[in-house]
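Take this structure, written in structure tokens, and hold onto it; I'll ask about it next.
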Amino acid sequence: MNSEIFERHESEVRSYCRSFPTVFTRSKNSELFDEDGKRYIDFFCGAGALNYGHNNEYIKNKILDYIKNDGVIHSLDMHTSAKREFIETLEKTILEPRGLDYKIMFPAPTGTNAIEAALKVARKVKKRSNIFAMMGAFHGMTLGSLSLTTDECSRGGAGVPLTNVTHIPAPYMFPELDTIKYMETLITDDHSGVELPAAIFIETVQSEGGIHVFSDEWLRRLRALCDKYDILLVVDDIQVGCGRTGSFFSFERAGIVPDIVALSKSIGGIGLPFAILLFKPELDMWKPGEHNGTFRGNNPAFVAAKAALEIFNNENIASETVRKGCISASFIEKEILTINPKLVMRGIGLVIGIDFAQLGGGDTAKLVMNKAFEKGIIIERVGRDNAVLKVMPPLTISDELLIEGLEKLRDAIKEVL
Amino acid sequence: MNSEIFERHESEVRSYCRSFPTVFTRSKNSELFDEDGKRYIDFFCGAGALNYGHNNEYIKNKILDYIKNDGVIHSLDMHTSAKREFIETLEKTILEPRGLDYKIMFPAPTGTNAIEAALKVARKVKKRSNIFAMMGAFHGMTLGSLSLTTDECSRGGAGVPLTNVTHIPAPYMFPELDTIKYMETLITDDHSGVELPAAIFIETVQSEGGIHVFSDEWLRRLRALCDKYDILLVVDDIQVGCGRTGSFFSFERAGIVPDIVALSKSIGGIGLPFAILLFKPELDMWKPGEHNGTFRGNNPAFVAAKAALEIFNNENIASETVRKGCISASFIEKEILTINPKLVMRGIGLVIGIDFAQLGGGDTAKLVMNKAFEKGIIIERVGRDNAVLKVMPPLTISDELLIEGLEKLRDAIKEVL
Amino acid sequence: MNSEIFERHESEVRSYCRSFPTVFTRSKNSELFDEDGKRYIDFFCGAGALNYGHNNEYIKNKILDYIKNDGVIHSLDMHTSAKREFIETLEKTILEPRGLDYKIMFPAPTGTNAIEAALKVARKVKKRSNIFAMMGAFHGMTLGSLSLTTDECSRGGAGVPLTNVTHIPAPYMFPELDTIKYMETLITDDHSGVELPAAIFIETVQSEGGIHVFSDEWLRRLRALCDKYDILLVVDDIQVGCGRTGSFFSFERAGIVPDIVALSKSIGGIGLPFAILLFKPELDMWKPGEHNGTFRGNNPAFVAAKAALEIFNNENIASETVRKGCISASFIEKEILTINPKLVMRGIGLVIGIDFAQLGGGDTAKLVMNKAFEKGIIIERVGRDNAVLKVMPPLTISDELLIEGLEKLRDAIKEVL
Amino acid sequence: MNSEIFERHESEVRSYCRSFPTVFTRSKNSELFDEDGKRYIDFFCGAGALNYGHNNEYIKNKILDYIKNDGVIHSLDMHTSAKREFIETLEKTILEPRGLDYKIMFPAPTGTNAIEAALKVARKVKKRSNIFAMMGAFHGMTLGSLSLTTDECSRGGAGVPLTNVTHIPAPYMFPELDTIKYMETLITDDHSGVELPAAIFIETVQSEGGIHVFSDEWLRRLRALCDKYDILLVVDDIQVGCGRTGSFFSFERAGIVPDIVALSKSIGGIGLPFAILLFKPELDMWKPGEHNGTFRGNNPAFVAAKAALEIFNNENIASETVRKGCISASFIEKEILTINPKLVMRGIGLVIGIDFAQLGGGDTAKLVMNKAFEKGIIIERVGRDNAVLKVMPPLTISDELLIEGLEKLRDAIKEVL
């Protein structure tokens, strides 16, 4: 492996390459290959951007055809046929069947662009500056999104105070505290010192925060709270949307309809930069060009996204995800949690965390991650103290590879503990 | 043309599609084609993202090969061979020949991500929160970048006060005022009310601001000012870098070396989302992961960028740009400015503005833009009151198409005036 | 009564004159007299500024003598003999006997000046911008203090977002939540989204917040928390210091030593504007003149304050306050709470609240206040919904007047309920 | 002199006592006396708070009578006869004769309280957060006022970024720049990056900024600018109002009417804390209690202020100030500026600066200040680098003392240069 050029020329800010110290050259479905030919099973999945696997053949061919035929690649917000087909497909196969009446915004192709746009919509429409976000949240790294994001390292990079956001304890943090009632008190108490928010931003599953699944009941009560006090509910479905939890949107299980939904990562699911913001039509109070971005018309990503939605529907990705999630959870319960009673599992669908907080925390999790890498498994750490291993393979992983990966992970944990 | 689906489902925020009301399906080099088969010469160039033309054959084939062979598409900041080759090529063919010793950061693939990262670097390293930015500047739309950006419409979308930035009059605004001396007074006067900045952000050519070229002398004095007071000089070369002004970096003409340089749009030049931040090694004080982004490892863009740099060097893009810029400026001077003495031309290389401020301003410019569109020219308005038409074709445009486009533009102006 | 000139010329911002609609001309000890000669017992006490009663004869004569002899009235922070004598008396009779080693700062003569100075000290010394303040708190109305203050009406006047403060639930708000543990979690959780504060500001008794007494145990745990995490503990003793709770400082009962203490209102206790900030010597990192104010050398107030401290010590104000507090609490318990079981009493020393929250809230409390005014009692409403009547007579009130006042208050409540 | 107790117990923040190192015990009219019996002529005048001299006999007797008779001392915003008489006198003798229709607000008794209230009024009424303030300005030390204040030392104490204010170059800073036109450009240029302000705050004479008098013409153009763009004009007349420039309000000379006027320091002129805010009736959109302060009803200050207004009118203070200003300016011109051609004089009425910027700056000015102190003159330094000596005696100083003081100052300058 020759990584010297990275060390010499690339910024110290790089991180994952330190966890997975090799040079990758090729990838296919759920596997990566490095330049020494070593094979890795991908339990990391591009941090959620590769739900349909690396170089998914169907999606890839659509992209190749499009580019070969000199389809428009870059169009800002001009109309293209590729964009039209994506909108039609999203509308017909995702929104309409779920009874969702959303306007679609293309805010520029990264998740943080979508969150920044959501902040603008919320503050503009409600004419309020404050926002509620949950402790444990990750919403992005640009200044607006970063003010929502909670991890100390990221916030420390800001260099200026992060303002206009009130962080609310997540429901799992203080079990004795009813966090919905807590928010209601902040809102109604005329001496709380906290301003009525324009919106509440949540991830229904805090993934970077350590795989914490918010209950259906809690989500429904949150929706009711927002309705009662004229607050917008914004769901950041960037990491756990697009099928990850066993339904297209992660909030479907609770039967709620957010006012605004941010999607990115796996809309196309093959790794091309893309993000959209969905919001109720009455919130569409934008002036033309009031938010923009050079790469908001990334047409290969439109093509990929249309193809991905076709796969999602034609290959029953939702139910497959539920099935594979069950396989994984069962395996972990029987084969991994039994290694040590202090191990904890949390998750939903195909995003499952194994928490080492009671077993040495991040240090142990790191040893396991390294050991797993040796064994050919790519798996990331998340959450407090980076103590949680996140099992997040492509939704299209074969049962065989899934089991192989889990077995190797089990072995890695055994060897470390 | 069927654009009904956009009107029904897409947010009101869309803007360019209102100026260019058709649906594009195909594009090649300097031409776009809509679904009725109508041809357009592209003087807009993806707002600077398509310096090498639509579907540039050399770049396109490299991308197709890479994807066909299941090259890794999405890698976050893990090492890939595609990334290594891009870094090597940038290093060997761009940085080393110019004596530039920069670390490279991949901050996520849009210009505003790079600017947000630059803000963090500057504030972190200098431990100061204030930043100087120039009136007329455009640096992006996320909250940090937006605080630098100056246009009223964009800022109005923020919904919260934009803070920690001091805007400095651009040199062309008050000719009687020495703006370098002005900044020095703000810095040294113990009663200015303005805090010492961590950095001064500039575009050497304000493009969105109306095609205002800052003089070499002014740039050199700015560099000296920054040196004298320990302030970082940040050049946002997102729109006018990558050859646009007749050299790879726009600041080369002044013989200065910025501390930080942001590049995006045309690094790859075929329209794939990509951005990098370059900074002096001593500024590389990042903690691992302190800034990140899901799509910072967009490998098809690495492949495109390597190919683009090869074209830049092999096809003498720099000198070609100078030559075509001369052709354009001569044509405009003789054929367009002569239409009415109140027309004003400004520019450098292949970014040239025709200012209608004295001739009805934005309203006139809009009529011309519409008329040009009818004649098959895509051209954008920028600057105060949107009164400036920006002539910005691909750098690889053929002389024939360039002349044809300029002639049609001339005819459009004649017809309107 | 002729109040027409106030209505015509004075701003609508005036408030107490609406509760007590008459024109006062004379006052003595615990009584006020209006221009119709009507007498009022003062259970309001200048919002805590008149602990020694109106025109306290001893203090008043000291002031008269000082002014008669052309003592320096206004001295900014120049040395005067009056200031020296105040410092000596404070040092000898208050600080030394309690083992308190504080530097004294004269930040300008209002409570909010002292709080603003405390904010500066804390942020400067700890190099952190965040501050913790308690929900229910009142710390003043200038922009820094106001960011700590919690009531909706006051905050609504700011006109800009109030930033750099995290509001913490007060211990009485969520009995199920251990608020010390809550703060510790915010501080230690690397995903709380809340920055380590420079200081925690508290009132040991939230007076404007509705007469909520923080327990000794809670205060001791707070002190320990601050020690553990290198956070400054700031006690705002502006309203409940200077003897009000039965000891000179309100925190003495808990046996804790704050890092910073703000005093104002009743240092002199006769109503002259005055405030001081006390802090541990190692925090005295001010540059000369880094904080100032024209009226920080109000010498008649120094003279009054010295005299007041003499009274405090010579007349056993502390123990007298405890005794009168017991009389009051007993009376209220037997004669008032028995009127309706939904009435709630809270308090300590001579600051006692009667809470009507369960009996119609602020509307009922207002009716009682008005009825009491008719009967010649001046009493203020505080707390959520202004539902709490605050019994706060001068500490020097005679037992007879105290009983008379309480009887009239009882009668007013009876008549209203 | 025994100042040991100050050094041991008082904060390092004290400043004037370092310039005037003695302990003062008595003062009368324009003279101070220290405890060694040494006499000082006061050219400092309590930073403008003692326009009628120390212990002015007329004012003093009114205060003594009021207190002797147990007048209400402290009343918050309740009605008192003393307050009514002050309002009547202000109305009849100051506002009505000048045709000024202002509402009066008592914001708490320090200048910075008044400025904070003015900021709230402006932002609330105009629903905008930005404010323009002039470079060189001093408006106070609490967080809102401090964001307007310009000197580096004061701002450095804030500990958080000071936001929502745009500082405008003062007209004397860049003579080549038309600062009214500059502001108009910031307001009208859609790419200035500067938000339309709610208000422009000015001192008509920057006193702490170094005695810079803004011209009548400039003030009139500023008033017109504010009218044209619906911006409030706020005059901070705290230091140079109340007769100091030769008319009651400092803006009378320009024939303009500000929307809001802040007064403090010398309303009473004997040194008691007091401040008022005047504003046009249509701006009185306060909710009751939306701004408050414990000491906003300082009745001895009302009594003093009424007496002071009587003196102002009965003793022709305005014309006397003009006359004594002429005497001073003539003396300085003939006797002091002639010492060295690099000395510069600026001023109006009885606020005159002697600028040592070209003669060693603050270091020289300090030597002169010290030498003058030795000779029995109290005089302060202001402005950039503290290089300007500010001649600011009581307006009631006798001609003899004025000349004596100026002679001693001349001698001090001679000896130092």
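Miscellaneous remarks
In order of appearance the chains are A, B, C and D, and numbering begins at 1 in each one.
By definition in this document, a contact is a pair of C-beta atoms (placed from the backbone, for glycine too) under 8 Å apart; a residue touches a chain by one contact, two chains touch by 3 or more.
These numbers were taken from a predicted model, which means no experiment stands behind them.
Chains that touch both chain A and chain B: C, D. To fit its Cα atoms onto chain D, chain A must turn through 180 degrees, a value rounded to the nearest 5. Set against one another, B-D and B-C show the most C-beta pairs in contact at B-D. Chain B and chain C have CA centres that are 58 Å apart. One inter-chain figure worth recording: chain B and chain D are separated by 49 Å, centre to centre, where each centre is the mean of the chain's CA atoms. Shown for chain B are the residues that touch two or more other chains, namely 129, 153, 160-161, 163-164. Residues 1-3, 5-6, 9-18, 20-28, 32, 35, 46-50, 54-55, 60, 63-64, 67-81, 83-84, 87-88, 91, 103-106, 108-113, 116, 119-120, 122-124, 129, 140-145, 147, 153-154, 156-160, 163-164, 198, 238, 264-265, 270-273, 277, 279, 284-295, 298-300 of chain A are the ones touching chain B in the complex. Interface of chain B with chain D (complex): residues 129-130, 133, 135-137, 148-153, 155, 161-165, 167, 169, 173-174, 176-177, 182, 185, 189-195, 209-210, 383-385. Residues 160-161 of chain D touch chain A in their complex.
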